[in-house]
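Quick one: this structure, given as structure tokens, is what I'll be asking you about.
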Amino acid sequence: MNDRVKRWLEDGTVDLFLGYKMIMGHPLPHCFVKEKIEEVNDLIIGPARYSLEKIATHIAAVKPDIKIGLLARDCNQRALNVLYIWNQLNPENVRTVNVNCCPSNLKEHGDCSYLEHEAAGSFKRQVGIDNNLQPENIEGYGQSQRLSRWMYEFQKCIKCYGCRNICPVCFCQECSLEHRELVGTGALPPEIPIFHLVRAVHMAGRCIDCGLCEDACPVDIPLRLLYQKVNEIVSDVFDYKTGTGDSQSPFNILGDTVTLEPKPIQLAKTAN
Amino acid sequence: MKEDRFEPKILAFVCNWCAYGAADLAGVSRMQYPPNVRAIRVMCSATVSPHHILRALQDGADGVLVGG
Amino acid sequence: MQCKLVPSICSYCGTGCGLLFEVIDGKINSTLPMKTHPVNEGKLCIKGWNLHEHINSFMRLKHPLVKTFGRFIKTDWDEALQVTADRFKEIVAKHGPDSVGMLVSAKITNEENYLAQKFARAVIGTNNVDHCARL
Amino acid sequence: MTVKRITFLQELLAFIGLEERLHLSWISSAEAQKFVRVVTDFTEKIRELGPNPLAGYNGIIKPAELEPASGFGKGQVAQQ
Amino acid sequence: MAGLAAAFGSGAMTNSIADIEDAGCIFVIGSNTTACHPLIARRIFRAKEKGAKLIVADPRNIQLSRFADVAVQHRLGSDVALLNGMMHLIIRNGWQDKDYIAQRTEDYEALEKLLQSYTPEKVKAITGVDPADLENMTELYATHPPASLLYAMGITQHTTGVDNVKSCCNVAMLCGYVGVHGGGVNPLRGQNNVQGACDMGGLPNVYTGYQPVADAEAREKFSTAWGTELPDSPGLTITDMIPAMLEGKLKGLYVIGENPKLSDPDWNHLNHALKELDFLVVQELFLSETAQVADVVLPAASVAEKDGTFTNSERRCMRIHKAIEPVGNALPDWQIIARLSTAMGYQMDYASPEEIFDEMTALTPKSYAGMTYERLGLDGLQWPCPDGQHPGTPYLHKDQFTRGKGKFHAVEYKDPAELPDKEYPYFLTTGRMFAHFHTGTMTRISPHLDVEQTTGYVTINPQDAGSLDIKEGDVLILSSRRGQMEAPAKISGSVEPGTLFLPIHFGENPTNVLTNAEAFDPLAKIPEFKVSAVNIEKLAS
């Protein structure tokens, strides 16, 4: 792997390579470049996972023609496919080094145990939702149980927007979650369940089941579970599997002809 | 507040060309239907975003009807 | 093109969450939580996630300002510091060191706090040093 | 498209425990009777389901009134 | 912090943040943790989900109250009475840890005697807390070891702030919860480096590591190290500086990274004081309200533009790294101070913050001595870390208290300085909301945060709103004995009838016009932000 990356950097296949490097005992994402080629010896796969593809979109937004290489687990690969479809990245400018990945419904086998959750505590099992459950388990609860369990989880929300911020396929310039007519502002917890449902609706046809949202949630809301269900419905109703093909999702939230206009998010951010 | 019978609040998104016409006709024909329904006329039922429906439920609508 | 991820600590509340600044071409583009940090374990709150926004703000002060006849005039460091030093010296000479007070800050680093109290005690000669722990 | 989108939302709402509160039907502008029937049936169905449990989440009902009661403290719904 | 130091000998969070997860019971008093310390609230939720009990005592109904096993809304400023009431019940039921009290603490008898009078009925009369709730919360706290007590500014920003803290220490020591994993008395610090600023001697009476300026030996050491004579009497606190300015005793003020115009109580009072100054220097990132009235404004570098260390609530000293060059001509604060000092004739030459850090650690033997930049790494170290091999200290007072024995303080309840009366019938309390920080100099210019709350507001109970015919968004005029201000109403059950809440972040609705500058804790000099009496009326439209 390290030799290949070195070769790519040297012969100009890629201008930079996003991977991980151990820095003071912490595996951190790192951008390898030709000028510091010796650093590539320290390239690791990294037990902690960051959204490298999101960093890549930020780089591409600043310099569209740059050739980017990155380490890609299966989830990264699916995210890349979605980003290609929505014109956030140009597939011709991206090279990947594929590495092992985590188990998911969209992939039968995998050996990255990164997203395996610790066992849920007794109180959470009693009134909330165990993060290790599958959508079928939730459907096993009665209707009012389901509502109160989800509401318990949503009530913990501290509105950090981490689920959105970390999401590799969240790139809209304007976010529905920040539309005050849609979701009320200024209160904790936020308006529930609409805050989470609006995001869930947006995840339809987008979510690539990487689980980073749940991982970034300070209060352990089982978001991945919610979006897995969304994926399941999208697959049943629209016959679309996100991140696997090269066509845009048939689901769009506004109407048949209106599509989201994806723009690099940081244009809005840096303009402030 | 004393309530003998629960009167649901229902929000209906009705298509200008279809269901709204029907509602109009029902009104003109003096047909009786429950007064619980508040209708919002939209140009096409496809313009009803899931967000609108979620917002209605969040704001306390007991049911949402989409009439295409 | 230069891209780096620089580990740092959130400068809002006293929790001290570890985070990474995503720097692209000398500009901080976003803030990411540090996944392996012992305090926050890869999570941040709304303020932490937007830490870079105040750093990038166009409202940041970029030049020393000296008020002359009621208006701020942009100036360079040498002049601003000379004015400050002269005025402090004058006050100390006239009213004694205890007529000067210093408010250090819970927002600056330990090193800077150390220097600031050293400045008050050793340079000015007063123990009138306090900060906003009470607020 | 409308059908699929509404189906999607119906299933999502069902997943978090808000079943049958969203209904879609096709009524042409001539079908006044169908409109009346749909509205009447839907009203009856909602009447059976009872009030929208979300209606109180901005400060009117206590979450403890939702089952399981043991899940919540005695505190009332609060806003920041 | 004075209260903690008096009881234990060390003014800091006794335990670590991660410790909270392993508590058997968590008692949160005077802290809206989900809004102000969200990542600590995470630990509370996790502990709760593992089966810990949660008690929340707050005059407001906060997000955490929803999850609490017992949530009480005691009257503003009645914390001492509530805690004394708890201790009364602990002793009555024999739940106290007798061995711990005998071996590790002193002055227990005086406390026990005082507590006899704090019967649940008396406590109800003062705090409004139902005796059954009091009984419940006491039982949960006393019988689910180890219990972790968390508090924040809701405890300290009172005239009785030190008493409140001492009471918190009393109740924790009574049950033997101090010096154990998962227990402790844990003040949550409001700003990222409050702990560091205190540790570094940013206080009028101490050098680094709390070495008293009045102590000849310590003064001698610093005097030698710094090569100059040092003053021996403690200086003025911020609350003393304001009257000193008015009296003309204080002529010059050097403010670094603070916005006292918005953060200090009684805005009008302070405004006058600042005008009396001959010379005001403000070193800031932005042209804050205070900087606008300064004579010289020095642009400082932000957190991403310099190297250095921060010390968080749990005493963890951590490195920050320079990510970008300072904007424009801004300089890191340490360079500004060093250059200013040199300009004043005292040579300060430092090549990097590391040199400063090393100078500081050499002078701070007990807590920071064992730290170097290399050892800190990215995880940091928790002081005390006295030597180069010491792994840091996750929780304090393990086998003995820093001061030797833990000291009980018999504390009588005292009313807040100002209670509502006919003229000003409402309680006013102040605090933070989740998306903003302090005076908003940093958060309000941040687009994603501003979107959450763009204006100030005042929270009012629906019952009060109803009786005054106030609707959501109506502008209210709030007045107190100090001044008056306007703010739009936000109607919410989060405050009790008769109580109003104002967030502190908004310069155009300067909360501190109303608060009481005369009333502060006699020892800690913390102003009473959390209680004042106000009147409201609706702005005629």
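Note that the chains are named A, B, C, D and E in the order they appear, and that numbering of residues resets to 1 at the start of each chain.
Methods note: a contact is a pair of C-beta atoms (placed from the backbone, for glycine too) under 8 Å apart; a residue touches a chain by one contact, two chains touch by 3 or more.
As the structure is a prediction and not an experimental result, all values here were calculated from the model.
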item	value
Chain E reached from chain A - shortest hop count over touching chains	1
Intersection of contact partners for chain A and chain B	D
Mutual neighbours - chains that touch chain B and chain C alike	A
Identity of the chain that, by mean CA position, is farthest from chain C	B
Contact pairs, highest-scoring chain pair	C-E
Geometric centre: closest chain by C-alpha means	E
Most widely separated chain from chain E, with each centre as the mean of CA atoms	B
Chain centre separation (chain A, chain D; CA means) in Å	30
Where chain B and chain D are represented by their mean Cα positions, the distance between them in whole Å	13
Chain C-chain E separation of Cα centroids, rounded to whole Å	20
Chain centre separation in whole Å, for chain E relative to chain D (CA means)	44
Touching two or more other chains - residue numbers and ranges from chain A	23-24, 26, 128, 155, 158-161, 186-188, 191, 193, 197, 201, 218, 253, 255-256, 269, 272
Touching two or more other chains - residue numbers and ranges from chain C	4, 7, 27, 34, 37, 40, 43-46, 48-49, 53, 57
Junction residues of chain E - those touching two or more other chains	35, 38-39, 42, 63, 66-67, 378-379, 433-435, 445-448, 452, 490, 492
Touch list for chain E against partner chain A, complex	34-35, 38-39, 41-42, 45-46, 48-51, 63, 66-67, 377-379, 433-435, 445-448, 451-453, 457, 490, 492
Parts of chain C lying in touch with chain E, wherever the complex brings them together	4, 6-18, 21, 23, 26-28, 34, 37-40, 43-55, 57, 59-67, 72, 76-77, 80-85, 87-89, 91, 94-95, 97-123, 125-135
Chain C to chain A touching residues, read off their complex	1-5, 7, 20, 22, 24-25, 27, 29-30, 32-37, 40, 42-46, 48-49, 53, 56-58
Touching residues on chain A, where the partner in the complex is chain E	23-26, 120-124, 128, 155-156, 158-161, 178, 180, 185-189, 218-220, 268-269, 272
Touch list for chain A against partner chain D, complex	126-128, 135, 138-139, 141, 143-152, 155, 186-188, 191-193, 197, 200-201, 204, 226, 229-230, 233-234, 236-238, 250-251, 253, 255-256
